[in-house]
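See structure below.
Note that the chains are named A, B, C and D in the order they appear, and that numbering of residues resets to 1 at the start of each chain.
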Amino acid sequence: MSDRTGPRRGPDPAAEPPQPAALASAPQAALERRDALRLMGASLALASLAGCDDVPEHGHPLHAPARAADAAAASAEYATVLEMDGLSRGVVVRTRNGHAVKLEGNPRHPASLGATDIFAEAAVLSLHDPHRSRRIRRDGRPVPTAMLQDALANMRAELAPRGGRGLRILTGPVSSPTLGRVMGQVLAAFPEARWHQHDPLADDAALEGAMRAFGRPATAVPEMGRARTVLCLGADPLGTMPGHLRHARDWIGARRAGRAPRLIVAEAALSLSGARADHRIPLHPAEAEPFARAVAAALGVEGLAAGGQHPAAAEVASALAAAGPEALVIAGHGSAALHALAHAMNRRLGSSALRLLPHPLARPEPMGASLATLAAEMAAGEVTHCLIFGANPAYDAPAALGFEAALRKLPFALHLGFRQDETARLCSWHVPLPHPLEAWGDSRAFDGTPAIRQPATVPLVEEAWGEVELLSVLLGASVTARAAVEASWRAAWGEEGFDARWAGALEEGIAGDPPTPLELPLGANWDRPSPLLPSGLAAVFAPDSGTRGGAEAHEAWLQEMPRPLTKITWGNAALMAPATAAEFGLSPGDEVELSLGGRSLLAPFWPMPGHAPGCVTLPLGGGRRAGGPVGEGRGFDAYALRPADGAWVAPGLSLRPTGRKAPLVTTDSHHRIDSSEAIRTVAPGEALPQPERDASLYKDWPYPGHAWGMAIDLDACIGCNACALACQAENNVPVVGPLAVSQGREMHWLRVDRYHHGPEENPAASFQPVPCMHCEQAPCEPVCPVNATLHDHEGLNVMVYPRCIGTRTCSNNCPYKVRRFNWSDHRRFLDTPARNPDVSLRPRGVMEKCTYCVHRITTARSAASTEGRALQDGEVETACQRACPTRAITFGDINDPESDVSRARQGGRHYAMLGQLGTRPRTTYLARVATDTEDAP
Amino acid sequence: MSHPPPFGLMAEFDEAETMTAAVRTARAAGWTRLEAYSPYPVPEAAEALGVSAAPVGYIAMAAAAAGAAISAGAAWYVSVHLYPVNVGGRPPNAWPVFLPTTYLVAILWACAAALIGMLALNGLPRLHHPAFFARGFHRASEDRFFLFLSAEDPLYDEDGAAHFLRGLAPLRVSEVRSE
Amino acid sequence: MSDITAPVAEAALRPGAWGFRIAVLLCAAGILLLGISVSAVLVAGIGVWGNNIPHVWGFDLIAYAWWIGIANAASLFAAILVLRRHGLRTAVNRFAEAAALAAILAAALYPILHLGRPWLFHWTLAYPHRAGLWPQFGSPLVWDFWGIMSHVIVTSLFWFIGLIPDLATMRDRAAARGRIRAARAYGLFALGWRGSVTHWHRHQAAYRLVAAMVLPLLLWAQTVVALEFATTLVPAWHQARLPLHVVVTGLPSGLGVVLALAAVLRMALSLERFVDDADMDLLARLLACAGLAAGLAYAHELLVGFLEEDETTRAALSARVLGAGAPAYWGAVLLGALLPQVLWFAGLRSRAAVVVPVGILAAAGVWLDRWSIVVDGLLRDHLPTMSRGYTPSPAEWGLLGGTVALFAMVLLLFGRMIPAVSMFETRHEESETEAEEEER
Amino acid sequence: MAQIFTTQADARLRLALIVGAALVLLIGAAVFAYVRSGNAWAIGRPAAQPIPFSHAVHAGDLGLDCRFCHAGVERRTDAGMPSAETCLGCHERVWNVTAQFAPLRAAIARRAAVEWSSVSRLPDHARFDHAAHSQAGVTCESCHGKVQEMPRTARAETLSMGFCLDCHRNPAAGTQPAAAPAVRPHGLQSLRYEHYGVEVSPLTRCSTCHR
């Protein structure tokens, strides 16, 4: 094992210990078996290693001086970044014995501000995924590293004389300054080589729109906190847009400060922003541009090449006009013209609520076109060598592009990837890519803020190669990833004071400020109307809220997390307005055959109230065909229908019910409009009647020390599921799989209930995170025959797993139904280095539920009492609270009138869910503030 | 073969009424150590013998009280002294919820005590008993009735007792040996 | 008079017939199924069932409540007959008690098996555990634990006390035929009973005392089962009327089973003389009465539920009665309450071909009622977001079928080994009848 | 008629009843005693250690302070086990028996911790904070026994929940008043309260020790 802890094997041939020759010629089956054993064993074997902080390739823990002595045994934290669509958000990684066990947001990073999203939380799971790629493979067989080095050397020798002709490098979106720099060196050394980028979720139209408006690839970063009226044209700033954590925080910050930005969302499918919109306009994609034109015309935008009509436009325009410079128009998935229109409108309004910034990517380009060019060249036989870094075009390129067939023909194709995915299977070479938490790198956030990515955990895969390491072999000068990153920043910062600046960047998690905003004039001839969409059913492609474009499809936490609006798990469904579905006579779960452009697929139908009629939303990211058992075959692959240019909308969809039911797993048993007393809404400034503490024959139990309580602000909740996933990661909550979910056995301690209210055509949606209520008069406790659930001295409703005999009566008597039962033994799947060692694993046959993160409370309490001081407010943060992008969850001591949670409870919006039952919950809610699409009571 | 001392004399009847009448006569004649056997309960004969069943009830009642006290006491002692816990905000001594088990345990103990008390009062189980030596006694569990005069009765002497019994019009009078 | 005893005792003492052997084989197969189902639960956990959150209870508690209902009704019936010294007691008491005992044995499996960790069931007992922990005496499950334990013990005691003199008869008959082993076996359990008038006197006192205790015990045990539901906050369950409902709707199941059993046994064991037509007639009319009482309970449920209760409860009831729960609810009303009403027709109740299916279907109707409460009661809870369906799995069906086989097996062995009617009660009864005739 | 049972049958039956009842009681008592006995909790059974370390030599004869090797005991949840460097720090100079210390050198070479076997390991669901206990005046000996007399370290107490509860119910008995204030100002002991006349201590609440 010593070679694992030594300097991790880089591309330096001298450092490469010779592999036993027998390995290369051993029969395939034996190797696979050996490999399988390693897959299972490796992560467990590494668990016994304690403390690897002195390993040169390891990162730099936070607060290093203070913790140095304890670092070996206990926990350490690292500030680093994770990327999404090539753009980074800052995280803090908590490790135990060198293993990452939990991620949290980095409060200093502008794209996080301390919050996380579900995808960041799931990084811990993918890091420890037993199905990640671990071996260098040639034609599917594991080979020693030396063979790869030979192959790369041969390739270099072959390509160098002809200037790299025939070499293509395909990457995902690259914001890394270092990778950008090294790519530049490669392209200089091989002038005939080409670099392409591919991202199925890339917004090419936004880039094109910026080019039309300003003549250069700028990006408009909204400042939600400074806007009074925001018009989203298909944009989802709270959900999927880059920088969404920041936008959500800005939005709620202004809302809390009483400067609530009025959110007007015009979109086809209901999005998280649409759900929280003050005014939402369901808009068929064909109406998007006419609507925007009508608004622009009403605003007096100059240079419009065409007009448009929409009944809602006048009202929206006057609202924007009234806000003047505090108005903001954001365009999302749509045509380039729509983006150009948004830029023009912002310019006309003189909007001060946005920053025009240089594009954060190292080389912005329309990625759909870039991939199409590559595919065409490959098909034409102009490509001899193709290096694919991190991208998976064999799966997520539009099927119409024929990329898969073209790739199959290549004589030399090398896939550098985290998994043996669809692309890896078609490439002659596959090289494992390290997990972002294991490797050095750098990156930029949505606003261009740079950050250095440092390894926060012991590397679990020996043979992994980073992009830079592989490219450096091609350049003939092998460097480690760390050296390359350091070189980039040494060049940027200069030698003087570099070490301090470097250490500071690692400690802070950011490596500088965002670039200064640009002042760009609106170019002439910016408006080039798109061709009108033909009438008829249109397909709208959208990232799935659990698997995004499919890259996250192998994360079991994400697959099982019910999608915020549809509550679908382990798959996707064709989403339609109930009215549209009624035309086809569909009921939820019916299978439909969708055909477009000569291709067809089978998909389950699921209704989405508020969806624009006449179109079908097809979430991308389903139907993976390779990469691991978690993601394979979950849902349908919408890329099969996507047009070759990667457009978000495709007209001419035909739909045919097959008359069968499709296997669809959802936790939504009430998929219709259903309001509930559980959600309360107040008019702005209105206070709810605060009920008298209901009389009891018994005296109240005293809670002389702390009395923990939680307040959840429903007005702030955007339903993003970050709390639920953070809870799952923190508390070793098992994944149960689609069958068990379909039986109603999901284990999430914290669920997010979604209620639709209002008309079915355009309802508002409310989200309600429901953890254990920790009722002071807990109904679950008196029915337990063995005292397995009790109250502690601080008012926590504790669940004593070892005492539980599993009568399940407590769940029967829980009106909130927050208790979860271990129907089977999940421990063997959880007892990995990724588990949180502070939370015990639960055996089969016992109940479990939210503990208010009692381990965090006891740890903080012990620490405080050991130091001889009282606990401070805010010292105990629950996992859900910490993850929430809108700080909707406050937690603390309700005995302390000055604590945040006490103050939240004193506001007029405070209420207890099902308070009439007399359970006196400690978890309480703050009512939603009514918006104009719903009526206050 | 030496004769063991006699246990007493058994008179056999084929009617419950004659047996009851015989019991009354015997009691009137001053016999004290006597017993009657029947295949089904004959309350009149029991009355004539002066038997009271009340002790069975007293035993059951005492057991019920003891069971209730132990049940309620255990619940109280555990909940208040051994390990007081906060169960859903109820006070440690939430006595109303102790009542259902107290009630059930009282009934359980009463029933068990009724059976055990009845057996103890009857001196059962006693598998071997001289009465089974009596001729034709197996029909005591079917259709015959018996009156038995014990040899330990002060009035007992073999001939006098036999003579007395014959006067009660039995089907048969037989001696019962003691072993 | 010995001709009273002979046919009853002979039935028990004669060698098994073919029909009996086949029935035993069938039951043994069912018990094998029970063994497999129980093993599946113990080895793989109750995940093999179809339960979920919120349906944490399904077939387990349905069957439990159902068997308890049968046991209760049968015991209650037997105890009342003893207390009232009713003529019918000679005919059916022993069946009723044995049926109650078999049913309670079947029921007693469930509270243990349905636990997530069944091997720890003894933690509900108050004994000094090494961790210093104690049961929670306020839990309806602890009440129920004592309820079912008392129920099993008291029912057994009641049955055994009544059996002692008959065991003595069996002992003596076996001895008279020279079957000394059988005589010793019966004799051991007869405890040396010799029919002393003094003993009889105390025996009758104890018998009637236990019978008198059976009444409150059973009502309370059944109530405690109902309290497991009624003490929760589930709108459909949280009702003061639930214990009464469970007791009353349980009656047709117990009486139906006793009736069907009486009809079958008197044919199989040729006991027409002891269980005569008048007895059957009375029993059938009692079942019809029980159906009527159950019907009243349903009417009360609907009236109170729809006219008096709050909105949440009304919604829950309406989902059970008019919504997705309608088939089970109206099935229960039809089979448990309405079908027994055909027994008011003398022509129908005299036919075994009518009486047996009606009795069994009445029991099935009560099973549907328990489904309607346990499963369909959760159709509408406080929060709509946590409602889920429930589909029983093969393991649950196996368990249900297996306990039915267990019940039948216990009854078969009972019919084979011990007197099927109370001989001493019959003798007593007939002597009284003779005396009355003489008086006339 | 003939007797079915002999005269001895009754005696035998009584004997059987008495023996049966006695057996039931005896088995109950035996189980009760066994689960509380040292046998059931592996008291006195030493675990296999990488090197034959003797507390009797180090803590007893040499009189080393516990904290010399278990440095975290007053500051951290985990008392900490000595690293190979700690051992070899002395043993490079004294009692340098190379063969015996091979596992230590191997650990240094692997940059790994020495794989000591814990004899006092608590189950996953229990959380024990050494700092809180040592600060409250609980001596090492109260749980670990007289290690200074153990040539091979073995468990000295059951460390069962009952054992913990004994002390948590009556902390004064198990602590050294001289070593710590009677009640730490921010410790759980300071928060005892009464409810309906029943005194309740936070030290016996589930979440104090369980997670």
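Convention: a residue touches a chain if its C-beta (ideal position, glycine included) is under 8 Å from a C-beta of that chain, and two chains touch if they have at least 3 such contacts.
Since this is a predicted model, take the numbers as computed values, not measurements.
> Which pairing of chains gives the most C-beta pairs in contact?
B-C
> Roughly how far is subunit A from subunit D, going centre to centre by Cα mean, in whole Å?
Distance between chain centres, rounded to whole Å: 46 Å.
> Indicate the whole-number Å distance between the mean C-alpha point of subunit B and the mean C-alpha point of subunit C.
Whole-Å distance between the two chain centres: 30.
> Report the inter-centroid distance (CA atoms only) between subunit B and subunit D in whole Å.
That pair's centroid distance is 57 Å.
> Which subunit D residues sit where two or more other chains touch them?
Where subunit D meets two or more other chains at a single residue, that happens at 1-2, 4-5, 10, 13, 195-196, 200.
> Quick check: what residues of subunit B touch more than one other chain, meaning two or more?
In subunit B, the residues touching two or more other chains are 83, 86-87, 90-91, 94, 97, 125-128, 132, 137-138.
> Specify, in ascending order, the residues of subunit C that touch 2 or more different other chains.
131-134, 136, 138, 140, 142, 171, 175, 187-188, 192
> Name the shape of the chain contact graph, picking from line, ring, star, complete and other.
Chain contacts: complete, every pair touches.
> Give every residue of subunit C touching subunit D within the complex, in rising order.
On the subunit C side, the touching residues are 128, 130-133, 171, 175, 180, 183-184, 187-188, 192.
> Write out the stretch or stretches of subunit B touching subunit C in their complex.
Residues of subunit B touching subunit C: 16-17, 23, 35-43, 45-46, 49, 51, 53-57, 60, 74-75, 78-79, 82-83, 87, 90, 94, 97-98, 100-101, 103-105, 107-108, 110-112, 114-115, 117-119, 121-122, 124-129, 131-132, 137-143.
> Mind listing the subunit D positions that touch subunit C in their complex?
For this pair, the touching residues of subunit D are 1-2, 4-5, 10, 13, 32, 35-36, 160-162, 165.
> For the complex, give me every residue of subunit C touching subunit B.
By the definition above, subunit C touches subunit B via 1-2, 4-5, 126, 132-134, 136-138, 140, 142-143, 146-147, 149-150, 153-154, 157-158, 160-161, 165, 168-169, 171-173, 175-176, 187-188, 191-206, 209-210, 213-214, 216-217, 220-221, 224, 227, 424-425, 427-428, 431, 435.
> Which residues of subunit B touch subunit D once you look at their complex with the stated criterion?
Within the complex, subunit B contacts subunit D at residues 80, 83-84, 86, 91-93, 125-128, 132-138, 179.
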